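Comments concern the structure below.
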């Protein structure tokens, strides 16, 4: 598992299809707490990867490390996105390389209206979906466009967070528990959206407690436990493997 | 006559009718679930119950007394505890301290000099706090700064904090959102157990139907600020209107 | 001991030890040596150390625990001083009634100002307290001159009534503050070879109060009250929905810290019976804020350290003049001597503010969280370095205290 | 007695503002002190020691002990000033404290010295209170005071502006302002002026426009600025900006008066001081022998002429040393006795008396005005009149000085 | 009546000074969330830019004039500015005379540079730190800046007059039909007022009609998320800080003729400007400006002698009194935004 993937531009030596997003031996710390303890995985272009694990397993920390938020601090390891070394970048540089993170606590910006929250995503290039297209996808947001973002209901905030990511032209979408707090119908909606954008070539990493749903959607799955990878394989394998499911996912 | 009686409550935000003529009665010792699409006004309703918002019209009676016009802390002292949709805990304090605060608060709610003069090492308080931590399965994290908890853990901590107060009415706003399946199941068991052992009434908002159907005795479906139906769980599951507006195909 | 756990007891004992032996510790250099300039073991400065220590400890009870940043605490100190001097003028020169009144008046003023100001939080609270203090200062300096003495300050006079004592001492002078006849200014000297140590009544009197104040502060920090205040600081919203009315708690903290300030003011007047209005100026309030932050807000010993450093600089550094510098570096060849003196001169004497400013910046930049916090971090870093090789990579979620 | 010098040296404490708005003034005071110490120890050209009427000083220190000094920073705050004075007394063993550039500080430190049993030789302090209600047996003031300013200014103002004038006072809202206002008001009213209004301005005020604008409306034709330091610089600048000096009121030219002038203030106000009258304790352009000797040795050492603050500080140091020599002892009470009622000359203001009743010096007072064509940045004021001492003398029980008692001298422990 | 008009005029003008200082402060304090105790120092540095330029313009060489004597009786050394040699006496004097307006151009790059350096070198590391730390470090910086200025320029105020053309006053009362000398108004104050309005307008326009303001506000509320949206927020913060420094500096430059600059003028204004910003409401530019004018006018009224006679000492405390009343009646000042600096 811990084989350094090939990032070179002429991927002749590659055994499998070249990785689009590649994480290699990543170690991250919150201050002195050692959280992400050397994990490596690949995501291929156009693929949906489910990142699963218990509470506190380090899923959020992994996504935040990839997005270069600086907290946790990545002290060792490499991250490559489409031949670009993310590990040498700061968060805004990573974002302009095409990385989009939908954070778990949504992070709607206080003091800004719904529309301003979306506009904010379109200040720095590359720019993705137009506001109109986003409002088509989430009509509720359209209705609420002048309302301050943080006064939205929990679910509406989640929609806004996803819309905000799509408002940028991203190559990889990192979703941290996108279904949380959403009504089942909306979850269906979003799932459809994810399939839709996957069809258009988007690469996605999804972290979700609703493991079954995530696995049904995903092509592949990685399971984390206490900061390390305990499984890396296809989604179908997980669904079939009773033991694995019971031990790490309690399903 | 229920322990909580909500009558004709209306709440507007600017042009938006967030709650329209809400009538709700919760029976003592029941577990009453409130479900409904995102933005239906569920959290707003809870906010009106705990004094965070004041309804424009209508009345809210708890155990025969009106809660309107009282400050949040007074309402809490009447026996209503609330868990928020996004965890509200004392981030600067350790888990153990977080647990002790509500216990002290209950005792010293009205300011007494005793709080200044006594020492922290009060056996009963500590024992009680540890007991609750045990219940919440969090004893091993007792010395952690609560800000450093993963989100699922924060949520469990908050539930524990509310339970430690032995409230008569426990309001839960999506308590298991973002919780791992295993912990969700634990929480369900815990709530069931508490309900059996204690004289407690629970009102719960949830989008996770597994949780709702395992716990609820009674369900109210809220849509666009007004109760759509109120019924027993089985009937709700079968109700086509609810299926369409809320549950979607996956129920 | 005293209802404290082991760690706190030893901290208290350290403070007691420091206070008792301060006359030795602060006079490490033999009299007449070049370094004697740095000795701080004379009564006035030692008194200031402990008095401002009390002030800062009290301020920290409010700021460190609740996070409410008062920018008007000097007002309570000023009120304490004025009350004490008035007691000296009207009642007599015994310091106890003066100090008692000072504490009470500090508390009363804090109750009034706190009651109003605590209706707001954050910066709005700070500005409210600032406004009250500035009003007190402005009035004390001008229209209230009959009560406060205005610019010259409130002083004792030969014709004060002093109904419980005598207006005039036997030698025709104004009597001096005393504790049942024990004069605050009395000192005993101990000469050990070239060393000279001064033991002053006023200092030990104030130090006793400081130790008491420190002990009370520990108790408050460790009490449910203290924990509750920290909880308020951490998440006021949660506190409200936990059934706790936060106002009486924050107000109690405010009043307690106002009483500490009143005590400090009363002690200042007891050591030196004059109360000036500029004690209430915003810079004086700012000073205690700086002391607390410099030492480490929310830590027990930090504010005392901060107070010590600022007062030391103010009193020692400002007194070094170019003459003394030339004296120190006389051993150097002439040109070099002048050069060295020219380099150092801007930082001492009339340039002591510059050094103070640089220290402020250096402390925050290099020791975030103040001296105590910074010291802890350095200590931890050193310890970790030692232990580095021993332990492998484990999940190190240290218990954070 | 306190800090009795036992070795071969004696320590004096120079307590001057080194930080804060009066730092430059303090620096000049310190220069004067250093010069005085040099002269006392026999260095330099001896300065005013040669013109001083008393010949007790020999240039071998004081009573044969070499003079050393310590310095401190008053910050122009009474607390800080007392802290610094205390450290000089307690730590450095100073036998005499001198300095300061404001009355608040002077009064505070004077009281402290009284209590501690050392001599205080006030520096620049102009308020009546220093030798009025706040006088102390151990404290001495060479500088003149508000009353004297009024008494000296009034006749000159009458001569220049006539006796039919309407005055408007802006007064700094603290003790010094009050005494100055009272002094000027009573002496100008005595010669026939009318006071149309007196307005108190906050100490912390920097922009005086709202106080100055209504002046013309009141029908006044003279504005008296009872301000010192930064307040005076700003209020005068503002007044000139409002064009007051170009106005005609009641058929007369509008005039501005500044009771207490100092050279540093004049420098701060720049062009605006031209032609404005005020009083001062001393000025370097005086041509008596004492002043000339002092200006020469100060100017030679530092390259520019001394200020009045420097002068008074220098003189106070000499007077103290001389008193000790004459008393033959450092004991404060002996020094007090030697200074009380002491008459001397040759220190720049003509024959001078240290009055025993209140420890105030009585001497000639200068009325000056801002110079029209200064030749250098030090040449900003010109002497209009040297008011003879008789005209500024007042009885010890004058109402402006009432209250307070000297008490008895204190030798300390 | 005329007294009231007079005080309103005075208040407007005092208010424009307060508003201008508060504007700069609110950009840093209200928008970037940094409790900047060094703001006063920036204002002071601006004023000293004017002093410095006039020093440069009056840079002189000495000529010995045998006909006059100096105080020691030696021949007088007369200073002759180089501009006299270069442009002739008349033009030279005119240039010196216009030193303050010229300093506007001179000070903008200096203040921007000061702002950039300060932000990059120091403030940048303090955005995430507690306000207490910000206070300590910026207060330390303010002292250091002050002492540096004091070291080079002394503690005494330095007269820095406006050009001759703007000294003196005009009779505004006579223009609107009152008697002569009832309402006079200095020319320079009019200039100051106009200048303040201009700067305030420019800053408003910049923040209102561009997304810059929104981005900075967003960055303030949540840096991390803004970074995740691909925005280099650091750069914008630096620019914002530079602008704020320039505004503070310009306020100082123009203030120099009103009050001779001295090294502690910044500290004198510091507390007042914090009060203005907070009364205006944290995070609100219009609030700061409104509060500036309001307090300026009220202060002017309180300084009328009729008012002082009625309530002694009111002129000493008016600003603080008004601040207390406003803060108690309006939780977030006049126009404050929710959640800004409330914890």
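Residue numbering begins at 1 within each chain, and the chains themselves are lettered A, B, C, D and E in the order written.
By our rule, contacts are C-beta pairs under 8 Å (C-beta built on N, C-alpha and C of every residue); 3 or more make two chains touch, one makes a residue touch a chain.
A quick note: this is a predicted structure, and the numbers were derived from the prediction, not measured.
Peer 1: Among the remaining chains, which ones contact both subunit A and subunit C?
Peer 2: Intersection of subunit A and subunit C contact lists gives B, E.
Peer 1: Which chain maximises the distance between its CA centroid and that of subunit B?
Peer 2: Looking at centroid distances, D is the chain farthest away.
Peer 1: What is the distance in Å between the mean C-alpha positions of subunit B and subunit D?
Peer 2: Distance between chain centres, rounded to whole Å: 75 Å.
Peer 1: Between subunit A and subunit E, what distance separates the C-alpha centroids? Give it in angstrom.
Peer 2: Between these chains, centre-to-centre, one finds 48 Å.
Peer 1: When the C-alpha atoms of subunit D and subunit E are each averaged to a single point, how far apart are the two points in Å?
Peer 2: For subunit D versus subunit E, the centre distance works out to 34 Å.
Peer 1: Which positions in subunit B touch two or more other chains at once?
Peer 2: Where subunit B meets two or more other chains at a single residue, that happens at 148.
Peer 1: By residue number and range, which residues of subunit C touch two or more other chains?
Peer 2: In subunit C, residues 138, 141-143, 353, 397 touch at least two other chains, as defined above.
Peer 1: Among the residues of subunit E, which ones contact at least 2 other chains?
Peer 2: Expected reply: 313, 316.
Peer 1: Which part of subunit A faces subunit E closely enough to touch in the complex?
Peer 2: Per the touch definition, subunit A meets subunit E at residues 67, 69-71, 90-92, 95-96, 100-101, 103, 107, 109-112, 116, 119-121, 123-125, 164, 168.
Peer 1: Sort out for me which residues of subunit D touch subunit C in the complex.
Peer 2: 18-19, 23, 26-27, 30, 34, 69-73, 77-80, 82-84, 86-88, 90-91, 102-104, 107-108, 111-112, 114-116, 127, 129, 134, 173-176, 178, 200, 202-204, 404-405, 407-408, 410
Peer 1: State the interface residues of subunit E toward subunit D in the complex, per the touch definition above.
Peer 2: Counting only subunit E, the residues touching subunit D are 2-3, 6-7, 9-11, 13-14, 17, 68, 70-72, 76, 78, 150, 154-159, 161-162, 167-169, 181-184, 186, 188-189, 257-260, 262, 264-265, 268-269, 299-300, 303-305, 308, 313, 315-316.
Peer 1: What does subunit E use to touch subunit C in their complex?
Peer 2: Going by the criterion above, the answer is residues 35, 122, 125-126, 129, 131-133, 135-137, 139-144, 146-148, 151, 267, 271, 274-275, 278-279, 282, 312-313, 316-317, 319-321, 323-324, 327-328, 331-333, 341-343.
Peer 1: State the interface residues of subunit C toward subunit B in the complex, per the touch definition above.
Peer 2: Touching subunit B: residues 3, 5, 219-220, 222-228, 230-231, 233-235, 237-246, 248-249, 252, 256, 397, 399-401 of subunit C.
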